[in-house]
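You will see two complexes here that share subunit A, one where it goes with subunit B and one where it goes with subunit C.
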Partner chain A sequence: MPDLLEVKNLYTSFHTEDGVVPAVNGITFNLKHGESLGIVGESGCGKSVACLSIMRLIDHPGKIKADAIKLDGVELQSLSEKKMRTIRGNEMAFIFQEPMTSLNPVYTIGFQLQEAIQLHQGLNKKQSRTKSEEMLKMVGIPRAEKVFDEYPPSLSGGMRQRAMIAMALSCEPKILFADEPTTALDVTIQAQILELMNDLKQRINTSIIFISHDLGVISEMVDRVIVMYCGSIIEDADIRTIIKNPKHPYTFGLINSKPRIDVDLDKLIPIPGSVPNPLNIPSGCPYQPRCESAMDICKSKIPGKSQINEGHHVSCWLFSKQGGKIKS
Partner chain B sequence: MKQYIVRRFLQMIPTLLGTTFIVFVIINMAPGSPLSHMVDPTISAEAIERRREQLGLDRPLLQRYGSWLVEAVQGNLGYSTRYRGRLVTDIIQTRLGPTIILTFSSIIVSFILAVPIGVISATRQYSALDYSVVVSAIAGVSIPVFFLGIVLIYLFGFQLGWLPVGGMAAAGVRHPTWLSYAADVARHLVLPLVTLTAANTARFVRFTRSSMLEVIRQDYVRTARAKGLSERVVIYRHALRNALLPVVTILGLSLPFLFSGAVITEAVFAWPGMGTLLIESVSLRDYGLLMGINLFLAVLVIIGNLLADIFYSVVDPRIRYD
Partner chain C sequence: MTEPIVKLENVKKYFPIRGGVFSRVVGNIKAVDDISFSIQKGETLGLVGESGCGKSTLGRTILKLLDPTAGKVFYKDFDIFATQKEELRNLRREMQIIFQDPYSSLNPRLNVGEIVGECLEIHGIAYGREKQEKVESMLEVCGLAPHHRRRYPHEFSGGQRQRIGIARALTLNPDFIVADEPISSLDVSIQAQIVNLMEELQEKFGLTYLFISHDLSMVRHISDHVAVMYLGKIVEISGKKELYQNPLHPYTQALLSAVPVMDPDHKSKRIILRGDVPSPANPPQGCNFNPRCIYAEEHCRNEEPELRDVGSGHQVSCHLVEKM
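== the complex of A and B ==
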């Protein structure tokens, strides 16, 4: 049985007036049935664009190129736009970061839920209403029958995100992309939404690709993590390994810059510098200017992927078999 | 909602008092008076003075405004001096129809044209089509109505002789049926309508396009695409309804502009509407008629705004008046 999702050498670039912005730079990963995968990285590292590219939701002037984007063994790139629409919202669904702006303010919650259900499941108005109300109840919205007829502006952010989740899950997708679904919410609501997603994942057996910059949130949600930097995957491993035994200096930095309750730190250690301008990515390893362990070779050559253990890979000269010399 | 409308109507009162008073003062400060067009210039100064007294024009300004106001609230807008004592309300009534035909058919036609053009232009931003729409819209906004009108008269009326260039119906022709009269009016309507519509369409296209450009970048449009909806549904159902909100507001607020555009168009094509009447009454210092038209326009503008606000609350659930 093929993996649920197979992505091979995905490139997404935006051809702007200032030049070509390589947002996603040849990423390869697989997602197994029922697996939850986390994608971690700073803002602008290409994690959202990668997921939108898989659903072919990149607007002009973006261009998507890949050796393979296969869903259940079917190559999505060969599908017509019309065929692709039967997959969007049906087999793959998306939850966006901003619940306040992701729902159309001039249509009722119910209408927006029914739309997808009618489109993909061929239910009539009455049936889709029943189904929508069921979904709203399932995501824990009280008085679902009433909320059905309400407009998004009368709901709180948490409620709107629940409605978005209900909408995304209404057609029982095989893959759910969750793009920082809790970033815009306050902490207590965040926990509720995460719990809800975990619960629903089991119930409808959906695989989740969870995008976040927050390793704490990721660790509650996923089995495996890929870490992205400047459009490339720099490390991937299961969640325990990433937290306990990160290899790439960047992953290390991400973990160290987060406050922990179990360790008494005097201060947080931020990663120096900021994400490079995508129009002007440094030569060699893109992380090299910010890396404390940078060596000469890092400046000239991009490191390949090295295997640390079964299922743990890292792209860094420190761990490359061809090796550079570690600076003393 | 009902309460809101009542409140808005009550707010009309100070607005109307203000506009009528300002216009009354300005027109009285302007040189000349109705008398200069009423009487033989060779007549003696005494006779003119006597007429002035008869008409009450010698009384102080405030007193005259007061008596106009007292009569106006009772529905009496006085007499026209130019039309030799015909009632102002009667004159306005006969001129109202042609203006409504011209203005409203222009608004409807330009809206029907502008919305799809604006949407298509926005969804293909930076394409050759978009550029040509933008350029022609700027041209349409920039060309003065009277100039375009004269060009059209020259081309289609004078050179080609296809269409009548003035008036609302052929003079001295008896129409056997109602239908043939309507056809005649329609022929006369073509050139003024094209003239007025060109400018209106250009304005609406610009509003629709920029509003649409903003909306298609919104998150909920991406959500709609992510649901698997077709591009047509995404644009016309999810984006357009949001994009039209500001367009409708501008439409309501620009009613006075639409009307003033019609004034010039009417004058160019001798269309027997309120516009021609307004220009006449200003140049002949026909105080009574001028005040009547002014009052009518002010009411029209206020009602236009109110309608836009009510429409807004119907299409945008975020806006509720209660």
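== the complex of A and C ==
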């Protein structure tokens, strides 16, 4: 069986007046059926843009280029815009970060839920209302029949995010993109939403791509992780390996700079410097100016992908067979 | 035992809700409702709670940036709420604040030298060359370069801006600093830089911090004592170690268990709280937390618990502490 999603050499760039911003810089990854994949990285690393590109939701002045974006073996780039619309919301759905801004405040929750259901599943008004109310109940919204007729501002942040999840899952998509779904929420509400998503994941067979900057949240949600920096994938492995045995200095830095709730640390080890300006990405490895193990070759050449183990890849000269020494 | 540098006694801050034809006061948002605690010199008190619990309002009320509704705050021997104008301005030299958002808290029309040095002129401490030298050395202390003095805030990244905010707070050589979510708008890799800087400065200048945050892991890292706030009230306050290892209030327990742990082997016994935080305009009867509490009993719904000492300075406001 082919992989559910296959992305090969995806480039997304924004052609602005100040120059070209390479937001996503040639990323390749696969997503298996029923798998949940995490994408970690700091703001501006291209994690959201990569997912929006897959759904072709990038607007002018953005340009998407890829060798392949295949959903269940079907090349999405060759589809017309009209065909693409039948896939969005139906086979691939998106949960956005800000439940406050991603729902339209002038339509009722019910209207916005029904819209997708009627469009993609051809149900009539009455049937879609029943289905919508079922969905609201499934995501744990109390008094679903009432909430159906309410407007988004009358719901709390957590409830709105539940409504977003109901909307995204209403057509039983094959892939669910969750873009920092809990970042705007308080920690106790975050726990509710993560619990709900974990529960739903087991009940319906949807593959999830979970975007977050928080490795703690990621480690509760996914099987496999991709770490992104400056538009490139710098390391990918299963979640255990990433947390217990990271190889790339950036992944290391991300883990070490975070305080732990369960352990006392003497001192945090921050990553020096800051993320480079996307208009002016350093030559060679993009992480090289902040990297403590940087060598001469890092400044001139971009490292290729090296395999550490089955399913664990890293893009770093320290682990490359050509040039550089192997160090653990 | 060291002297408390800041002491709060029954501090209240209500925001009136006005309504009707004559804009009469029809109710109160009890943002800060009867809070008492003290902060020892040279320590960091972490103040945690979810959004809307009143933690920022409390921070600002302590500095009298907001006018209090009732209560007293003592800084050293001064009753802050009773001081006026000139005296208050002199006191402010010793108490400063670092704001959450380094993007909106720096005036974009002033260069860094003006932002950091403004207070030196206002307080008549240094002018001209002397001011410039003080600013430059302060920028260096905060990990920036002296020549950054001529630049404007938009030329800096978020982490650097927060360093400017810290430099501004420190130029007057204060003793007490309220840090209002100083790291929550920064990227993960930058947060550690700023927290380390704050720790270094604390050691160097003997600062006392009130560190307001919703990031429980960071509060565990930086604080000596931790206070947990819920709906305008302190529900638990204790030494850090005690609070994180032996949380007694059901809200603290739920809050701590809700934090995701960066460990795939971690088996969480997560307490999922039902529902949302109630509106502070209409707080529940009895214990504030009772509608979401899994242990709530009859008298929790009628009677408001008081903050009680349960031994070695660990204070909890819960009727059921003994049963926990």
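Here, the second predicted complex is superposed on the first by the 321 of 328 C-alpha atoms of A that agree within 3 Å, B and C clash if a C-alpha of one lies under 4 Å from a C-alpha of the other, contacts with A are read in each partner's own complex, and residues count from 1 in each chain.
As a working rule, contacts are C-beta pairs under 8 Å (C-beta built on N, C-alpha and C of every residue); 3 or more make two chains touch, one makes a residue touch a chain.
As the structure is a prediction and not an experimental result, all values here were calculated from the model.
Student: Quick check for you: in the superposed arrangement, does A:174 touch first (subunit B), second (subunit C), both or neither?
Tutor: Once the two structures are laid over each other on A, A:174 reaches no partner at all.
Student: Could you tell me if A:101 is touching subunit B, subunit C, both of them or neither one (first, second, both, neither)?
Tutor: A:101 sits against subunit B, while subunit C stays out of touch.
Student: Quick one: classify A:159 as touching subunit B (first), subunit C (second), both or neither.
Tutor: second
Student: I want to verify the contact counts: of subunit B and subunit C, which reaches more residues of subunit A?
Tutor: Ranking subunit B and subunit C by residues of subunit A touched puts C first.
Student: Is A:87 touching the first partner subunit B, the second partner subunit C, both, or neither of them?
Tutor: It touches subunit B, and subunit C stays clear.
Student: Under the stated touch criterion, which partner chain does A:271 make contact with: subunit B (first), subunit C (second), both, or neither?
Tutor: After superposition on chain A, A:271 lies in contact with subunit C alone.
Student: On the A-aligned overlay, A:115 touches which partner chain: subunit B = first, subunit C = second, or both, or neither?
Tutor: first
Student: So in the complex, which bits of subunit C are touching subunit A?
Tutor: Answer in residue numbers: 50-51, 157-160, 187-193, 195-196, 199, 214, 216-218, 220-221, 241, 244, 254-266, 268, 270, 272-273, 276-277.
Student: Quick check: in the complex, which residue numbers of subunit A touch subunit B?
Tutor: So the residues of subunit A in touch with subunit B come to 55, 57, 85-90, 93-94, 96, 98, 101-108, 115-116, 119-120, 151, 153, 164, 167.
Student: Going by the contact rule set out above, which residues of subunit A touch subunit C in the complex?
Tutor: 42-43, 156, 158-159, 186-192, 194-195, 213-217, 219-220, 239-240, 243-244, 253-255, 257-262, 264-265, 267-272, 274-275
Student: Would you tell me which residues of subunit B are touching subunit A in their complex?
Tutor: Those in contact with subunit A are residues 218-220, 222-230, 238, 241-242, 245, 315-318.
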